[in-house]
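Chain lettering (A, B, C, D and E) follows the sequence in which the chains are written, and residue indices restart at 1 in each chain.
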Amino acid sequence: MDSVQPAKVVENMIQAGKTKANLSIKHLLIRGGLAGAFLGYATTLAFTANLQTGIDMMGAILFPVGFVMIILLGLELVTGNFALLPAAKLNGQVSTAGMLHNWFWVIIGHLIGSIFYALLFVAATTQFGTAGPSAMSELLIAVAETKTIGYAALGGAGLGTVFIKAILCNWMVALGAIMAMTSKSTIGKIAAMWLPILIFFGQGFEHAVVNMFVIPAGMMLGAEVTIADWWLWNQIPVLLGNLVSAFLLAGAALYFTHGKKETGKEAALQNLKKAQ
Amino acid sequence: MDSVQPAKVVENMIQAGKTKANLSIKHLLIRGGLAGAFLGYATTLAFTANLQTGIDMMGAILFPVGFVMIILLGLELVTGNFALLPAAKLNGQVSTAGMLHNWFWVIIGHLIGSIFYALLFVAATTQFGTAGPSAMSELLIAVAETKTIGYAALGGAGLGTVFIKAILCNWMVALGAIMAMTSKSTIGKIAAMWLPILIFFGQGFEHAVVNMFVIPAGMMLGAEVTIADWWLWNQIPVLLGNLVSAFLLAGAALYFTHGKKETGKEAALQNLKKAQ
Amino acid sequence: MDSVQPAKVVENMIQAGKTKANLSIKHLLIRGGLAGAFLGYATTLAFTANLQTGIDMMGAILFPVGFVMIILLGLELVTGNFALLPAAKLNGQVSTAGMLHNWFWVIIGHLIGSIFYALLFVAATTQFGTAGPSAMSELLIAVAETKTIGYAALGGAGLGTVFIKAILCNWMVALGAIMAMTSKSTIGKIAAMWLPILIFFGQGFEHAVVNMFVIPAGMMLGAEVTIADWWLWNQIPVLLGNLVSAFLLAGAALYFTHGKKETGKEAALQNLKKAQ
Amino acid sequence: MDSVQPAKVVENMIQAGKTKANLSIKHLLIRGGLAGAFLGYATTLAFTANLQTGIDMMGAILFPVGFVMIILLGLELVTGNFALLPAAKLNGQVSTAGMLHNWFWVIIGHLIGSIFYALLFVAATTQFGTAGPSAMSELLIAVAETKTIGYAALGGAGLGTVFIKAILCNWMVALGAIMAMTSKSTIGKIAAMWLPILIFFGQGFEHAVVNMFVIPAGMMLGAEVTIADWWLWNQIPVLLGNLVSAFLLAGAALYFTHGKKETGKEAALQNLKKAQ
Amino acid sequence: MDSVQPAKVVENMIQAGKTKANLSIKHLLIRGGLAGAFLGYATTLAFTANLQTGIDMMGAILFPVGFVMIILLGLELVTGNFALLPAAKLNGQVSTAGMLHNWFWVIIGHLIGSIFYALLFVAATTQFGTAGPSAMSELLIAVAETKTIGYAALGGAGLGTVFIKAILCNWMVALGAIMAMTSKSTIGKIAAMWLPILIFFGQGFEHAVVNMFVIPAGMMLGAEVTIADWWLWNQIPVLLGNLVSAFLLAGAALYFTHGKKETGKEAALQNLKKAQ
């Protein structure tokens, strides 16, 4: 049957986490790099729709295209991995080192892919600097500034806000990666994972990988943002917030309610195999 | 075959009700908590769409995302359970105590999840109180007031209205949980359950779990609503209205027309097993 | 395979007609009652969309939600049965009495369900009479008057118009019930049956069961329509027009072109079984 | 597997062409008649959407509903048959006489069905002549005149234009019938065939069967179009243009690139069977 | 199961590349010709939508119709082949000569098909020159000029821009061809390939085959563009940019991360077969 039961979904989460913890740096960089670029594509697509219609929700309805490509092509997305590897770790299938190894190199891959796409996109949209400011370049600048010095201007409240928005974001993104496992058919996967991604983007929550494109792109176009602004007021708190919700509210929550019996059975099988 | 016949749907309802009646408090709290938060997410997504387009139906078209996540991830929703457990009870598979046990702890879970999401959302949307009033905060306040002191202002007619709107709401929501069982494929489940949820939200009927987010969120933002207003003029009559329609108009109605023969057969098998 | 060949569709029509002719009054009332209420829900949803967008086609795009619920939950809809039972009768599987028995009790069920929903909806929308006239109540009144005394004002031309519009309506609705049989998957059924229902509602043709909600609801809200107006200028000619097209243009037409060989084979098998 | 390989699609085209060439006049008339009426329905639905939104593409997005019903219910459409029977003929499975027999009687069926629908629709929309001119009746008149005397006013350039527009139309419609064969599931068939039909209608190309409804309907409503105008400046050149593209650019093109090996194999099997 | 794992997708890419390298000139011309025409159709459909709504994203949402037809009917598209044949070549299944043979003749086919469609479309839209300038003809002229002399006016920056836009385009188009392989069902294929095509067209990136229609069509309508302008400032740099991204960023990237083990196994099987 096409539809996958929740207990089996958690089993798949654990299996996926285990596989991901064992990927070599080369694979993590290629897969993370492609994923970073694809979210950049999705972001500029969504912004184009917003500028044309004046309705941000239109962009949000289109944005999941990039996420779907990442999942269907078996790439690596750290915000999803923030839920999958902990689930495998809770089940004893993955070491902390393996988990951190994955996260670190995938983030490096995302940075490379996102900034590579930002370079290409900025070159194209400014026609190598010969074009004047466009609606798109002004939007990217404004978003980059809002997401960094905008929070800085609020001090501790800004830091709290960006952290909460990162938590709100990745509860959904992590579930996007998980909901793709509720179906064995491509159309089922696409539909299921579209939903939580739409929820987060439609409400402007903070996603670490999207920001790896949008803030550097804004900076290239002239945003008044330093690298320190980018990391201190956005990238670091967003990565932490994304991790908290993926780990606790998605990965662990589902593991503790749907994973127990299944994993007990699996552990038994595991032991059986070792014994043979 | 992917499509499930009505008699088998009723059988699945009974089976689901039985399973749900036997879940421990831990599972009911986790699953109910996640479900409460997801409906909160869906509500703020829908409100965002409404504010951007000025057309409430746009929000209603998006709102079922949260319900779909609840069902596909095997969580607990009391408004669906108001139909499923009675069906199992009519079939003699569930005791009244088991049914009330499920409902009570799922409601507690919903309250925890909904209020947790409301806290995060309010913190983010007000930027920890540093931002002035936004369209979203004003909308949440207005909705919270309309749904409580708005009814109170009408006295008995208000109480009657909220009760009828709760009946109208949950006839559909309960059918959403049931229609998800008409298909064995994820895309079929999503499409089938989307419909009744769209119907209720598009017409502004009263759903107990949505209100567990929207009224507290409005209160946190400054709505002139007391806890007594919330429970007396909304939460209690809405829970009762939701229960009435789910029980009588969805669960029992389908049980009595599609469940009979099937359950006779099942009872026979049941007895056979006991006899062995 | 998921897709069902036309000859097999006709065979399923006959089988469905046979089953429906043998349902007890209890089942016909419950299933017809639910179906009547669901079309009421779909109608108020569509009207809400129309009022919000000013584009009636938006409502028509949403309206099939009610029809889909009826079919997937195995309920009874007399306008579909106007095609299915005649097909079974042409095949000699159903008596005229069995056919009329089904139609009569399903219509009674529809009336109960539609008027029950109308009562609830009117109570909610007028807040038990305490609210002033709303856009929705004015629309329901206007539609109820147009569909009755509007035709009466034209005399014979009005009667002819309502009858032709009923024919045009139910050629499509009957095909909706039939097209649901072209697929074995839920998503295929939903997509296939959505189309003809959208066609009829989008063009404002006359459907007997929709009118069982919309005219009484308008009357409850103050439309200048008597019960005689309702039945003489709408309900009776619409039922007749619905019957004509479902019977001749949908049921019989498909039976005579796709049913022949299949039914010959079936009749042979039937005889074979009797002989054994 | 649900998806059908191109070589198998061509094999199915040949098989369909063969079956169609052997249908009796009765079947061709019933199936062609229903198909003609359904395209009439789809046309008035699309025109309604256009009038309500002012955006013709909205109508084009809805228009394929009629085509889908024709294909899923196994009816006959001459514009699709213009590709399917030639493919079977190229393969030696169908005689020229069989091909012309199908086309002739299906066209007669289309005329009967289209004009029957036009009569009903005109009666309903004018309320048996008692209603004044409506936006719909004025649109139908204008379209009927543009599609006939509009071309006549341009002389040879008009004849050339209508012929080219018929070629452009039916390259797509013929592929609609063929793309329905790329899937074994109903939803796959619907999605695949929707696309080329949308392409043609969205650009206002000339389709023989649509015109069999829209021009007579316009004439009934008062368009200044004679039967000679209809046939000489539209129906005949459109049928020819539709035939040219379906035959050469759809049927033959696919046959010569995907049909060869397959048909060799089939011919061999054919001979084998004869030899037995 | 319907969904295809990434390693198997890469295996399919290699297999497809191998098959394509062995097609005769006849097949490459027919399949490339049809594909060229279909993208022309899709382009004029999208432009029609843009002109009617004033929102270019509407056209982009519809544009993938042409791409889907190409893939489902097993035709040849050079921009997809820029990824598929290199993957097969990296795996040692295809010679450089075979790869260039495919690309060259498919491009010739595209030119024939695109210009053929342009001739038909221009004849129809100008009514053989008797109609005055239309919104469509003015748009085609403007686009043709922007895409050629527009870049020329910027000199080196223009050349750089068109090259980068071609890279950005075909990263997505190549993935469109690849994502169609992530599913075995038609609906899954359609949904998966729709996404990257929407991404590229929605942002106005440069696609070689679309330009083979749009620039000649603009020229026929009076754009101030010479054949040298067309090729030097657009067609050649776009083909090169399309090749770079399809080869390196789609084909090779996926090959190196998902292809390794699989291809080792396959090579072993290959050797085994040779040894037999």
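In the analysis below, contacts are C-beta pairs under 8 Å (C-beta built on N, C-alpha and C of every residue); 3 or more make two chains touch, one makes a residue touch a chain.
If you want to know which protein each chain is, UniProt gives these names: A, B, C, D, E = Formate/nitrite transporter.
All figures in this text were calculated on a predicted structure; none of them were measured in a lab.
Q: Treating chain B (Formate/nitrite transporter) as absent and keeping all other coordinates fixed, how do the remaining chains group by touch?
A: one piece
Q: Same or different interface residues for chain C (Formate/nitrite transporter) and chain D (Formate/nitrite transporter), judged by whether over half of the residue numbers are used by both?
A: Since fewer than half of the residue numbers are used by both chains, the interface counts as different.
Q: So how far apart, in whole Å, are chain D (Formate/nitrite transporter) and chain E (Formate/nitrite transporter) when each is placed at the average of its C-alpha atoms?
A: 29
Q: Considering chain A (Formate/nitrite transporter) alone, which of its residues make contact with at least two other chains?
A: Touching at least two other chains: 2, 183, 185, 187, 189.
Q: Which of line, ring, star, complete and other names the graph you get from chains that touch?
A: ring
Q: If contacts are counted as defined earlier, which sequence of chains do you get going round the ring from chain D (Formate/nitrite transporter) via chain E (Formate/nitrite transporter)?
A: Read cyclically, starting with chain D (Formate/nitrite transporter) and passing chain E (Formate/nitrite transporter) second, the order is D, E, A, B, C.
Q: Can you list the residues on chain A (Formate/nitrite transporter) that touch chain E (Formate/nitrite transporter) in the complex?
A: Within the complex, chain A (Formate/nitrite transporter) contacts chain E (Formate/nitrite transporter) at residues 2, 26-27, 30-31, 33-34, 37, 41-42, 44-45, 48-49, 52-53, 58, 62, 65-66, 68-69, 72-74, 120-121, 123-124, 127-130, 183-187, 189-190.
Q: So in the complex, which bits of chain E (Formate/nitrite transporter) are touching chain A (Formate/nitrite transporter)?
A: 1-7, 9, 55-57, 154, 156-158, 160-161, 164-165, 167-168, 171-172, 175, 178-179, 182-183, 185, 187-189, 191-192, 195-196, 198-199, 202-203, 205, 249, 253-254, 256-258
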